[in-house]
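Below: one structure, written as structure tokens.
Order of writing sets the chain letters: A, B, C, D, E and F. Residues in each chain are counted from 1.
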Amino acid sequence: MSTVNAAKPPRRYISSFQPSEYITGVFSISNGQLGRTKNDKPYLKCMIRDKTGELPARMWTIDPEYFRTLPSEGFVYIEAETQPFQGELQLILKAVEAVQVDDQMLQELLPVTTKNIDAMFADVVALLGTLKHPAMQALAQTYLDDENLMTQFRRAPAAKSIHHAYIGGLLEHTLSLMKLADVVCPLYPKMNRDLVLIGLFLHDLGKTRELMYDRTFAYTDRGELIGHIVDGAVMLHDKVQTLMRVGGVRLPKNVYTVLQHIIISHHGVPEFGAAKLPSTPEAILVAVLDNLDAKATMSLAAARPDREESNDFGSNFTERQFALDTKLFKPDPLAE
Amino acid sequence: MSTVNAAKPPRRYISSFQPSEYITGVFSISNGQLGRTKNDKPYLKCMIRDKTGELPARMWTIDPEYFRTLPSEGFVYIEAETQPFQGELQLILKAVEAVQVDDQMLQELLPVTTKNIDAMFADVVALLGTLKHPAMQALAQTYLDDENLMTQFRRAPAAKSIHHAYIGGLLEHTLSLMKLADVVCPLYPKMNRDLVLIGLFLHDLGKTRELMYDRTFAYTDRGELIGHIVDGAVMLHDKVQTLMRVGGVRLPKNVYTVLQHIIISHHGVPEFGAAKLPSTPEAILVAVLDNLDAKATMSLAAARPDREESNDFGSNFTERQFALDTKLFKPDPLAE
Amino acid sequence: MSTVNAAKPPRRYISSFQPSEYITGVFSISNGQLGRTKNDKPYLKCMIRDKTGELPARMWTIDPEYFRTLPSEGFVYIEAETQPFQGELQLILKAVEAVQVDDQMLQELLPVTTKNIDAMFADVVALLGTLKHPAMQALAQTYLDDENLMTQFRRAPAAKSIHHAYIGGLLEHTLSLMKLADVVCPLYPKMNRDLVLIGLFLHDLGKTRELMYDRTFAYTDRGELIGHIVDGAVMLHDKVQTLMRVGGVRLPKNVYTVLQHIIISHHGVPEFGAAKLPSTPEAILVAVLDNLDAKATMSLAAARPDREESNDFGSNFTERQFALDTKLFKPDPLAE
Amino acid sequence: MSTVNAAKPPRRYISSFQPSEYITGVFSISNGQLGRTKNDKPYLKCMIRDKTGELPARMWTIDPEYFRTLPSEGFVYIEAETQPFQGELQLILKAVEAVQVDDQMLQELLPVTTKNIDAMFADVVALLGTLKHPAMQALAQTYLDDENLMTQFRRAPAAKSIHHAYIGGLLEHTLSLMKLADVVCPLYPKMNRDLVLIGLFLHDLGKTRELMYDRTFAYTDRGELIGHIVDGAVMLHDKVQTLMRVGGVRLPKNVYTVLQHIIISHHGVPEFGAAKLPSTPEAILVAVLDNLDAKATMSLAAARPDREESNDFGSNFTERQFALDTKLFKPDPLAE
Amino acid sequence: MSTVNAAKPPRRYISSFQPSEYITGVFSISNGQLGRTKNDKPYLKCMIRDKTGELPARMWTIDPEYFRTLPSEGFVYIEAETQPFQGELQLILKAVEAVQVDDQMLQELLPVTTKNIDAMFADVVALLGTLKHPAMQALAQTYLDDENLMTQFRRAPAAKSIHHAYIGGLLEHTLSLMKLADVVCPLYPKMNRDLVLIGLFLHDLGKTRELMYDRTFAYTDRGELIGHIVDGAVMLHDKVQTLMRVGGVRLPKNVYTVLQHIIISHHGVPEFGAAKLPSTPEAILVAVLDNLDAKATMSLAAARPDREESNDFGSNFTERQFALDTKLFKPDPLAE
Amino acid sequence: MSTVNAAKPPRRYISSFQPSEYITGVFSISNGQLGRTKNDKPYLKCMIRDKTGELPARMWTIDPEYFRTLPSEGFVYIEAETQPFQGELQLILKAVEAVQVDDQMLQELLPVTTKNIDAMFADVVALLGTLKHPAMQALAQTYLDDENLMTQFRRAPAAKSIHHAYIGGLLEHTLSLMKLADVVCPLYPKMNRDLVLIGLFLHDLGKTRELMYDRTFAYTDRGELIGHIVDGAVMLHDKVQTLMRVGGVRLPKNVYTVLQHIIISHHGVPEFGAAKLPSTPEAILVAVLDNLDAKATMSLAAARPDREESNDFGSNFTERQFALDTKLFKPDPLAE
């Protein structure tokens, strides 16, 4: 298995593929299966992906022994032709070989935040440092001390697609929410800022178990069957036990339940996955802030993208945004 | 018709009435009708209200001539007995007389904000002063120059009931939202702050036509049939024409439409009265902030009321909150 | 820019295009944009349309200077090949040139009513002539005197697609409803016929601002963000002011509100765009008649089309009709 | 058992009962049951009804033998006191005796149409006489020849409550719809008038089995478990067999199915009881006309009742109308 | 017309077709229509089907006279090429000829149960033999005596697709439910087993009229417009009359209504086609058992199919199952 | 504090209270609060309950010191008058005193299963003994070894109201489901019986934390905020760790996730509290069986209660059953 880096001719991205092109390069592979043609000959079916998109691929002749050298989820060098099939492009593989990738290449294969991960994490830690109640400080530290979890927290995307669907997305979304809480809480003096801040820190941590993001973005089996809501609740159960056993800290009455309630209710309504309706002021605020950040981020990304598509003389509206249930009017009428 | 002030024995409030009490005092009257008993004798039906609640009332003998001296919506001095009827209390009037009320008394009859109206209005004006675009400054000034409208804006409640249902409530809710926008907009640099701020200033102004709040809180006929959403849109149409005709200012292209869109979409979804789904980043933010302030205000008011009901050894939960679709857990577990 | 008329070899319609044909002729163009290929070469993307349908088109080499001679929405002569792409046909343009079209050609490019527009308009005017109340007569006249509006009223379609989606469709639909009211109102003597008739005349006039129909059928930006419901309400506000200012006629109390209510409630329920539920007998009748005409027209057009497709030995059912939520049984069992 | 007629002192109606009155007179009784008090003494529970409403009643001491002389559904002379209980009035019976009632009295006990039943029935027959297709004429005659069914058709209400809930209501509603079809069908020439007219004649005939209306208005057990939709379909099955067997007439292909489809789909959507969505133009028209007549009738009855309640100086709105999901604005602004 | 049997080279199944193959063989044809090309030349449009799937087909040159020799629904020998068109495969016919098929061939063209039909029918009869009440025995016998109906009962599928969509499926599903009832009823002693058992026997018999299954699987016109729910109710009406007329057996009071209620309520809720909500314990049990068998059968068929697809190294989840609203986790973790 | 037993004059049950009775006896008290009258005098508010129902109670004069001797949730001897208030009965307490109750009295105060708890528990253990896989045997034993949990499992009700709302109800419902699975699983050979059986054993165990049932039936605070679904998932997490740590048994891959999925999905749909849709055959079967047992039990309890109310000559229908969304037809037509 060879090692590949990005010091190569300019990379072709999947989003720019046209019919009948010849493609070579390193991509992420997933869902690798060995099919059988009608003549009972084995062939390879899989998905090929880079940070710009994914395509189905077929290799019509492949030796089953060789197939076993390929990763089910991992990285491959391919040579292939693009071919329209059933209304979409697919790749007909001429050659495929398992490869290792370095970090530089990985950034071509999986989308990654444009922000600095270390700086964002430091901001989260700093905001947790403003917690007033010693028990909340101690609980936050129990999470921060879990190095494995924090490594995942810094890497995980916040979603498989739609918004913050890139390496570092979970951290970026969490920090964004904690900053929001930092400016919004003072406007509602009776709102307990500690509960809101730590609630936001915890609310999506179960996504580190729900999503796979080292080789491709996908839901794990556990993510499909259990999900980050319940796993975040179980994780809190463990951390509270650790805090008591290791740190000797017993949370004030109801704190465990109220924080767990924030986690399991933060999607707002059952149809969107909440196991309970938010039923404390802080749980309600967490759910609304989560919604605010998601909608503001999605709408600005769609209506006012960074890269100006400068030759667009066409419609003033974006495509319909599935998660917003509408298409967006793009012009900022005061900016023109 | 006599004039009444509050310099009287300690006032009895409707919320504290028990069965079989004798009540005297000044109240707001509404829905005054002359009914006919089975023996074809005229009787008076009406609602009696103060700042703490309302009750149905009956006066079994009344002269139709005298009836015509009473206001359909206004103020009366009454003498009455409380009586349970069909599962609720009602008032059996022994005497009723139209009265005028001074401002001090009015505050006993209609609920009023605990904040300072002049100070809040000054804050709104100051925030409008931070608008950057000259056309937005000019448009805001056109509204501020409408003295009649501003008088109503300072007095109107934001709702007939539920949240901000008191004199000054519309102003308080609007200011609360503009302050929120002031801290939230900087976190989303591509969000056009001018559109959000002026959009929030305008979004509920139609409520000055939707609600009656000088003698009682009720929907006007126009409020029932047209509503503040469409009336706010018509009001903007007029103001933009005034701005052009009087001030000679022509809004940049699309600004009129985009602001009107914010007004008609701010309830978020059609089921809650939005004529269009919010379809610009600023319209989406206005709708979410409106929702945030409403839910934070309602949940804190229910779970952590100002007046401590100190002898409550009972449930940790409030009654079910209709607008939140749930009951709320009251304890702040870190505050105990 | 050349002028083109229809005196040419028999026209090929888009609905009859097959793969791999060579097409020449005049069509409507819309959504014209200048894209960039992966090699950064400019290319033209647009939609090509005639009265029978529309297709996406591409011209792979185009000079940006020449591109600017083309209309974003307008008319062009093209030479092109049809090509299957991603499950649909698209046009590969070999030549494209802006042209003017005469009225005869326009009728090939935009679908048009089969009825006589002048005769239909005369019928509307005649039905308005039967209004009994002088204020209603005067209000109707204020609308009829707005020549620009009446020109649009005679041309606009009633929808972008589905039913009455052709030039003259709004007029045809409006007349159809007024005739319905003319026969139905006498069966309900307490129904105020004046309010129903003028309400129907006004209910969809906002569509003249919601839809673009001079070069293609599409929603205007204002149509997307505001819609014909609110714009019809604003239009009535203006006309009532004109009537008072110019004609010196003051409407009886509540008439303005009740007519505006008919306009904003005529879609029946919020999910279909009504800003209020119909809340007067006349508003209810207008909403139900609108629904009746739409459903009767759509179902007959689908199940019993004018052009008999004579060689159909197949299913007795139409395709599923989206707006009726079902497919229709075509045979009239008494007609066979 | 005595016979009672209405030549008595002026009748007291249930709708006018006040607490603590002494009532005597003849009423309809239903739901008669023998309860047991905690001391195991038998008591009578039942409902007492006249044409204006119904009340629960109790007789605290009753001999079981005497109880058996009372009808479960029928008529009784009572002496009773009105008493508030659990938020409503109830009757405490002092005496109760089974009676027979004459037709005049029956009209005091069950609400009845204000129209002439014979004249309405003649109108229905006349409209059926305009059917063009001989098979439809023959089918209509088969129904008209069923004397028992026609007797029920002339008496049955169209509903237990809400609209046309009175003796003769089914006939009145059916005739109203057939008249509507008579004026509407000519506006849609492709609509088969025969199918619409006979479809309307048949659509609610199953209500003769669904409702009990000789002693009180109630659903029959069969009405609850099967309903008029399925029973109307079964009835058509029988009539078509009779027509073939007795009259020797075989319906054209599909006519039986298409008419049965009209019956089972006329409620429009499954949530309102339709077994299928209307899927022919005629089935769609029948469902929409049924909706039109119901809504027009209900809205006019609520907003503009016959009896002017002349002393009402109160709200311009009716109570919330359950079946219209809103309250109605009462004034006709052009009539004042 | 020639007769074809299956003693031929190994059959190619539609599910295995690839683009650009040449196909010969016998298939089921449906929806045969004669279209017209733009040059007004006739062509054949139809669907071609075998037990594994179906594809659209076109024959670009065909003599209308020859067309009339083809069945609209039936069987044909074809020679054809597979061609991708608009994102799917279609067949371009080179030759087509009507054929008769023997039973062996029929099993290649229509999917068929893997169970023994005679044995299953015997089991149904045996279970009906355990009915205790003589009237229920007599009613069951009346159905069993209807040879034509029983022939259809043994052949009909239980659905057009999804579950039990094969010859013998209705019988298999019915037997499966009766066996379930046989073990479940004893756990609820108050449940009347006779009503449940015969209710299950009857509940889907209307499907023999709803579905066409002799040449292809499709809904009949009557199935679309009336459906098996209402037709099952009408069928019971007829059988009960036969039982009384021929057998002299009068059902106990309410039995007819209660059984008919089971039939029309067995889909549970109106959205899924129930004409009434199940309102007896037995009707509720029938609806729940029907749901249990459908879901258990579908989930096992999807997650644990008979044919092991042995080279699948891919996802642990099935495709999304439309009728279960989710995708299924395939592994049985205790079986590995 | 005195101790009270049931050897007393015949007990009066709350369900039989009439207005204006004098009541003495021992009851359960809950929600005890100290209110303040308008004159600022303290009074006691609470709920009084026995196994047949509950009523609000007030004691208008009470010493705050004495109040503190009363339990918030517990048992009291009371002397009281019944009084109608706001449409319901309430109790006016004359005397109230905290008491201890023995087990015999407890059975008068809380409803209890009519089955034998020891025998039912033995049946559950026996069914768990039929598990085939050693890991499942070991896991079941880990639960059975938790004495505290098993004590709760034997006592807890399955609901606060509706079905199995009595001491022992959780055990009875669980056993009922395991017996169902025992007879149903053999009919679906591919269904893994072990997973279904142990899944049913575990599915509602979280109710031991969700419900309070030692002094009254109510949701615990944790039950309101977290619920038995998430708590059942956390409990499994703990037990699996115990099994590994103590028993050294590691579950086969995916078993933990699949069992936890059964627990969190067993309510079927999110609207009813499922955190995930059931997505394995076994999870689907568990959800359907749970539904079957609930509906069969509720419908038989309502339509065919044990105690024959023999003098009911009235309606054949029960009251509307909230959880079944309908009223039930009571007669078993074959039993009469």
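Throughout what follows, a contact is a pair of C-beta atoms (placed from the backbone, for glycine too) under 8 Å apart; a residue touches a chain by one contact, two chains touch by 3 or more.
The shown structure was predicted, so the numbers you read here are calculated from the model rather than taken from an experiment.
Contact with both chain A and chain C is made by B, E. Least step count on the touch graph, chain C to chain D: 1. Here the repeat of A-C among B-C, C-E or C-D is C-E, since over half of its contact pairs match by residue number. Chain A and chain F, compared by their mean Cα positions, are separated by 41 Å. Averaged C-alpha coordinates give centres for chain D and chain F that are 44 Å from one another. Those residues of chain E in touch with two or more other chains are numbered 86-88, 221, 224-225, 254, 258, 261, 279-280, 327, 329. If each chain is drawn as a node and touching chains are joined, the picture fits none of the line, ring, star or complete shapes.
A list of each chain pair in contact follows: A-B, A-C, A-E, A-F, B-C, B-D, B-F, C-D, C-E, D-E, D-F, E-F. Every residue of chain A that touches chain C in the complex is listed here, in rising order: 12, 16, 18-19, 84, 86-88, 311-317, 327, 329.
Residue ranges on chain A touching chain E, taken from their complex, read 31-38, 42, 45, 64, 72, 85-88, 221, 224-225.
Within the complex formed with chain A, the residues of chain B that make contact are 133, 135-136, 176, 179-180, 183-184, 187-188, 190-192, 194-195, 252-255, 258, 261, 277-281, 284-285, 288-289, 291-292, 295-297, 299-300, 303-304, 317, 324-329, 331-336. Of all residues in chain C, only 221-222, 224-227, 229-230, 233-234, 237-238, 254, 257-258, 260-261, 264, 270-271, 273, 275-276, 279-280 touch chain B in the complex they form.
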